[in-house]
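Chain nomenclature is as follows: A, B, C and D, assigned in order of appearance, with residue numbering initiated at 1 for each chain independently.
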Amino acid sequence: MNLLSLMTLLLIPLVAAIVIPLFIEGEVAIRRLSKIVAGFHLIYALFFVLYLNPSDGAYQVVQEMLNDGQVWINSLGISFSLAIDGVSLVMVVLTSLITFLAIIASKECIKDKHKFYYSMIFLLQFAVLGVFLARDLFLFFLFWELELIPMYFLISIWGSGRPKYSAMKFVLYTFFGSLFMLASILAIYYCHFMKTGSLTMDMASLGMYNGYPALVQFFAFIGFFIAFAVKFPIVPLHSWLPDAHVDAPTPVSMLLAGILLKMGAYGLIRINLYFFPSIFNFFAPIIFIFGLVSIIYAAMIAFAQTDLKKLVAYSSISHMGIVLVGLCAMNAIGVSGAVAQMVAHGLISAGLFMMVGIIYSRTKTRDIEKLGGLAQKLPVFYYLSIILCLASVGLPGLVGFVGEALCFFGAAVSDAFLTIQLFTGIAFIVAILGAVYMTSVLKRVFCGVMLDDYNEIEPVKPYEFFVLLSLIFLIIFFGFFPHYLVGIFSVPIESFFSV
Amino acid sequence: MELILQNIWVVAILPLFSFLFIIIGQKGFVHLEKKISMYLTVGVTFLGWIFSVFALIYAIQNQGNPFQENFVWMYSGSLTFSMGYLIDELSSVMLFMVTSISLLIQIYSHSYMKEDPSYHRFFAYLSFFNFAMIGLVLSSNLFQTYIFWELVGLASYLLIGFWYKKNSASKAAQKAFLVNRIGDFGLLLGIMGFLFLSYNFWFYEADVLLGFSSLKQATEVALVSTSSKGFFVVAFLMFLGPVAKSAQFPLHVWLPDAMEAPTPVSALIHAATMVAAGVFLTARLYPIFILSPVLMQLIAYVGAITALLAACMALVQYDIKKALAYSTCSQLGYMFLALGVGAYSAGMFHLLIHAYVKALLFLCAGAVIHSLSSQQDMRYMGGLRKQMPVVAYTYLIGCLSLSGIFLSGFSSKEQILSGILASGNMFLFYIALFTAGLSAFYIFRTYFMVFEGKYKGESQVEPVSKVMSVPLIVLAVPSAVLGVLLSWCFDDFVSFGFHTENHFVFLPLISIVIALFSVWLASIFYWDKKKLIDTELVKLPLKSLHRLFVEKFFIDWFYDKILNKIYAKAAYVLSKFDRFVVDASIDITFQSPVAAGKLLNIVQHKKIGAYILVSVFLLVLLCGFIMSILNLIV
Amino acid sequence: MEFLNSAVFLIFAAMIIFSSVFAVFAHKIEYSVLSAVVCFLSVGALFLTLSADFIGASQIMIYGVGVSILLAFAIMFTGKDSPKSLYLTNPLRVFLGFVLVLTFLSVLIFFISPVLDPKSDGAFSSYGSFAAQIESIRQIGTAKFIGRRIFCDYVLPFELLSLLLLAGIVGVGYLAGGSKKDV
Amino acid sequence: MFDVTLIHYLFLSAVLFCVGLLGVIVSRHLLRVLISVEFMLNAVNINFVAFSNYNDLIRLDGHIMAIFVMAIGVCELAIGLAILILVFRKTHSVDADGEYIEEEKWS
């Protein structure tokens, strides 16, 4: 039992982040070691999947499966306690998988300062894991803020285009959001103390207690929602994402799309939905409209983009909108669909960014007009990118469909608010809009006559193949046997909604 | 027998394995021997065909209770989605038709694609299509149908865009995929609406979610739980799927462009199997559609309009494949017309016959194109009957049966006409008769332009290889005989409860007379040996009509102009809005402190005198203020 | 006697005012320094009329001699290659300066003026009871009394003052001394 | 003519002070600024001495203050001149409104 301790799971990346810059010399050694550490961490995370049979209870209601909590600041009731349940388990495994693949993918994109780069990647992984594992609200906020530092360095040092600008924009944006979160945390922390006299930051007890005055609940919900909306990203607060993606190097934008967007969604489920279900129900129409707008708005803009990476960035905004649709369904199907869509989007957008990275490293340009006819030179790469693009459109047989279908079916049969079926119908336009820009990408980039200056591009390297193939294997495997994915987190969600 | 039915799912899964086997094996040994991928695909399809024969036998024996097997695919919350297969009359007939036609086409395409470099990829895609189509035919519930519905759309996307070097091919593939996607959008919305309406039925009584076996009770529950208008909307959305897949009136634009695909593909997908999927799904959803009479009318009228339009457009096509594509479109319109007026078995019968006939016609066209080294324009053909008699005569059989003169086409068309007559809608009946004449006219026009008269093209005509002509002969048999054989027993085998008896005895006579008259008319125009009337002369009065047909009734123009341009422009405007408003507003908020700083900087300018001036000014102000207070006090 | 007092006061007041105005508005810097010296000396003389002999003497000594020599040195150091004579700054500031300073002057005068009207005269009249001691101060001078006062009551400020002067001397030596290289 | 009372001295020192103030504001030559500052200090001295003379010739606080002011004034002047020379050495001009170009300490 003590073999699987959350603390070690969390601290492995931190230790690696510290050890690598201090004790390891030589670029190849650093890369090899970080690959080993990330691989080990992935396997270790997979052990948790085997250990946590899904029949166990949810996060709050039944006892947590695994919880090692040390009291940290006794006077304020803050304890360094970690816990895991179905939803956070899936997120943890997704994080370690994408970090492992990002490290493999950063073999050629990173030319200098290797030590600093790999330690920043592990620090980022440590922070994101902390967010998913934290059971203490203070801890959640701490890791939420910690994640900004490595991300800033990763974008601004190794980025291209205007790295400093977009890194700063990313940090300021998230920071702006997290101010509201801090205010709401303190609000409920204080109310909980005033009402029950017990000073605690523990998510379970704060969540279970529903004696907060209505006004506090209302504004705390809005505060949390804004912080998570920035990270989500929901349309009005989304403009940091395209810049951050375009200017970040490929592995970093894989991480950004694969994991960081999930933090916003995870927070929305873990805090907004579990703490204030009634308020969430009250806000469901508005949140649904936000989701609707970000789906259609981002999908249309993606079609008009000329920069391939920006197009993929906008497509990920549009797909995260579907997660919102699932959440607003307020029933077990919708929420598990939302989590499935988060995992699906994580895998697919990581794959898409890898694809864009490969194209960029071959043709040194991301402008779609200049690209064309790559299929003749890289036929296998063409087939893999067909699978990736169509997975992002939500083709059945691939994991994208599982997420979308569950979200939309959940919304179709939900009774959250009166006209949810009509909105679901409109929201499902994403199937067409998505197909429009994805097929146009495939047509303009891969098909057609080969432009002459791409004659001597070298074939796709084995490590790039490994990254793409592993992602595509997962996409197809979960597409054909979705129950292995949905089964992990559907039990805790059902037990929340059944209570 | 039981054993075979137990693992009928093998028929569906095996093509998928052969697809993966060819794809993965591409690098390795498959390249050594060209025929391996062909043997693999053909073998799997042959196995499927045998299984389908057994399924047919089973379906004939016990017509009442279909054989069904399901397993849970995914469950979350209260919904459990399951996959499985269902053998009943409809699916067994379709299964037999699909497997037999794809078997013949795969044999044929071996010789057709022999010298094509990506030979293996073609067979991989063909087996993937088989997997999707058989899955669709066998599926036991609506959810699984939707999944395979999209996979079939994907297969057609891959096959149309097979020669991705050609820009037009990839454009056509994208167009096909998008139009099908619109259909899928409608279909899934319809399914979700239907599920919402009949939610508590599925939740408590039914064994399989959205299963076809319990569809009838579910529709009663759904009808009760909403107004007839709401039910019509849901049913209409579901009907949107078949409209896109079978290229009916508003969404038929992708079928002619899909001719960019290699000819065996057009024969398999865009003539026989995939486009028939739309009719198959309408048949499956008949219990739902039948309960909303308005929708039935709509289906009939959509079918009629498509038949008429496509027939007219086929008149003016010079590309042989496009002509055949439009004829498929119009025959599909016929089937929907039949289903719309309630002639369920007539529609399905016509579907079966038409699949074989159209596959035969396409394969003959493919043979012609192949031998004329991919020359598709009929104006450069002619007089090929002497060079390739087999192709010519099989093509003739196909034309005869399609125009409904003697062979199997006659019986199916006659049943449809009597069905329409029985439904009493005379307007539709006249349209049907007129299009029957038109279809006879345009099919024989292609025959005369290609096989009669003297050879107008300049490229040398190679002989047709044996591997190609065998499937033609094999196909010619059912397209000739099948109609007569099955006409008496089909309508009680595949029926939806009621029979349509034709009480107007002269109907067959009229349809034959019309067909013969239009054949004679076609021979006048296009049989240049007996140049009776100069075709240009006739065309003069019909100038505007001719142009209308050529322009495809401006529908293509409409789609391209309105949708494509407006959507692209809106997207461009939106992206600019996003760039200069949302983005810029964020930049402004971040830049404003910097700007404010710069503004304040003006005051610090290292001139001592100015500073003291300001301080004196403030001092004076202060004294003034004090004085005002003093005055007040003093 | 009265006449002599007021005449002397008037003379020195006029000298102070004119020399200070001339010092500020002279075109050439040398003239302004000279008139400044004249002004300092006349202020010294004014102290004498106020029977503040020690202050007057120290004023004449410090300002009259010391400061004028300092200013002369300053001109010599900076005079040689400043081509244009630096006169007044931009006209806007001059005009504003005039306006503001005049208003400030009028405000000062306004505050002083209540003194003018006779009834509040008593506040500043001389103390009757100490007339004798006042008389002796006028004869023997204020130096003795100032010495006693400073070293009895104001010893601490006096010491601080010496500290300040020391710092000033060291500072000036360091600042203006400068090394050979950047002359 | 008329007996010289405290008011006259106050007027005189006010005028002298304002002339000094004006000198500081308008003059461009640094030396003239320093001189004007001296004028202001002297004006203050006049006030001190005048008040001390007219009403407390016993404790002579005004005189002591005058001494202190004088001392500080001279010290300030000395340092002012030192800086003046330093400025002149650095920028070869004693322009009070001059645009001194400081070398960029760090980029």
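Note that in this section contacts are C-beta pairs under 8 Å (C-beta built on N, C-alpha and C of every residue); 3 or more make two chains touch, one makes a residue touch a chain.
Please read all numbers here as calculations on a predicted model, not as lab measurements.
Asker: Measuring centre to centre with C-alpha atoms, which chain is farthest from subunit B?
Answerer: The most remote chain is C.
Asker: Just curious, how far off is subunit C from subunit A if you go by their C-alpha centres, in Å?
Answerer: Taking the mean C-alpha position of each chain, the two centres sit 77 Å apart.
Asker: Please work out the Cα centroid separation of subunit B and subunit C, and write it as a whole number of Å.
Answerer: Measuring from centre to centre gives 106 Å for this pair.
Asker: I'd like to verify one number: the distance from the centre of subunit A to the centre of subunit D, where each centre is the average of its C-alpha atoms, in whole angstrom.
Answerer: One centre to the other, that is 70 Å.
Asker: Distance between subunit B and subunit D based on Cα centroids, please, to the nearest Å.
Answerer: Once rounded, the distance between the two centres reads 99 Å.
Asker: Where does subunit C touch two or more other chains at once, residue-wise?
Answerer: Each of 89, 93, 96-97, 100-101, 104 in subunit C touches at least two other chains.
Asker: Mind pulling the subunit D residues that touch 2 or more other chains?
Answerer: Within subunit D, the residues that touch at least two other chains are 21, 25-28, 96-97.
Asker: Please output the residue numbers of subunit B that touch at least 2 other chains, ranges allowed.
Answerer: 607, 609, 613, 616
Asker: Line, ring, star, complete or other: which describes how these chains touch one another?
Answerer: Topology of the interface graph: other, matching no listed pattern.
Asker: Which of the chains are touching one another, listed as pairs?
Answerer: Per the contact definition above, the touching pairs are A-B, B-C, B-D, C-D.
Asker: Within the complex, which stretch of subunit D touches subunit C?
Answerer: That would be residues 1-12, 14-23, 25-32, 34-36, 38-39, 42, 45-46, 49-50, 52-61, 63-64, 66-68, 70-72, 74-79, 81-86, 88-89, 92-97 of subunit D.
Asker: Using the touch definition up top, name the residues of subunit B that touch subunit A in the complex.
Answerer: Of all residues in subunit B, those touching subunit A are 23, 72-79, 81, 146-148, 150-151, 154, 157-158, 161, 164-165, 167, 169-171, 173-174, 177-178, 181-182, 184-185, 188-189, 192-193, 195-196, 199, 567-568, 570-572, 574-575, 578, 582-583, 586, 590.
Asker: Inside the complex, what are the residues of subunit C that reach subunit B?
Answerer: Touching subunit B from subunit C are residues 89, 93, 96-97, 100-101, 103-104, 107, 110-111.
Asker: With touch defined as at the start, can you tell me which subunit C residues reach subunit D in the complex?
Answerer: Contact set of subunit C toward subunit D: 2-3, 5-7, 9-10, 13, 16-17, 20-21, 23-24, 29, 32-33, 36, 39-40, 43, 46-47, 49-52, 54-55, 58-59, 62-63, 66-67, 70-71, 73-75, 77-78, 81-82, 86-90, 93-94, 96-98, 100-102, 104-105, 108-109, 112, 115-116, 124-127, 130, 133-134, 137, 142, 145-146, 149-150, 154, 157, 161, 164-165, 168-169, 171-172, 175-176, 178, 182-183.
Asker: Given the complex with subunit B, which residues does subunit A contribute to the contact?
Answerer: Where subunit A meets subunit B, its residues are 168-169, 172-173, 235-236, 238-240, 243, 297, 300-301, 303-305, 331-334, 336-337, 373, 375-376, 382-383, 386, 390, 393, 395-397, 401-402, 405-406, 408-410, 412-413, 421, 424-425, 428-429, 431-432, 435-436, 439-440, 442-443, 446-449, 482-483, 486, 490, 493-494, 497.
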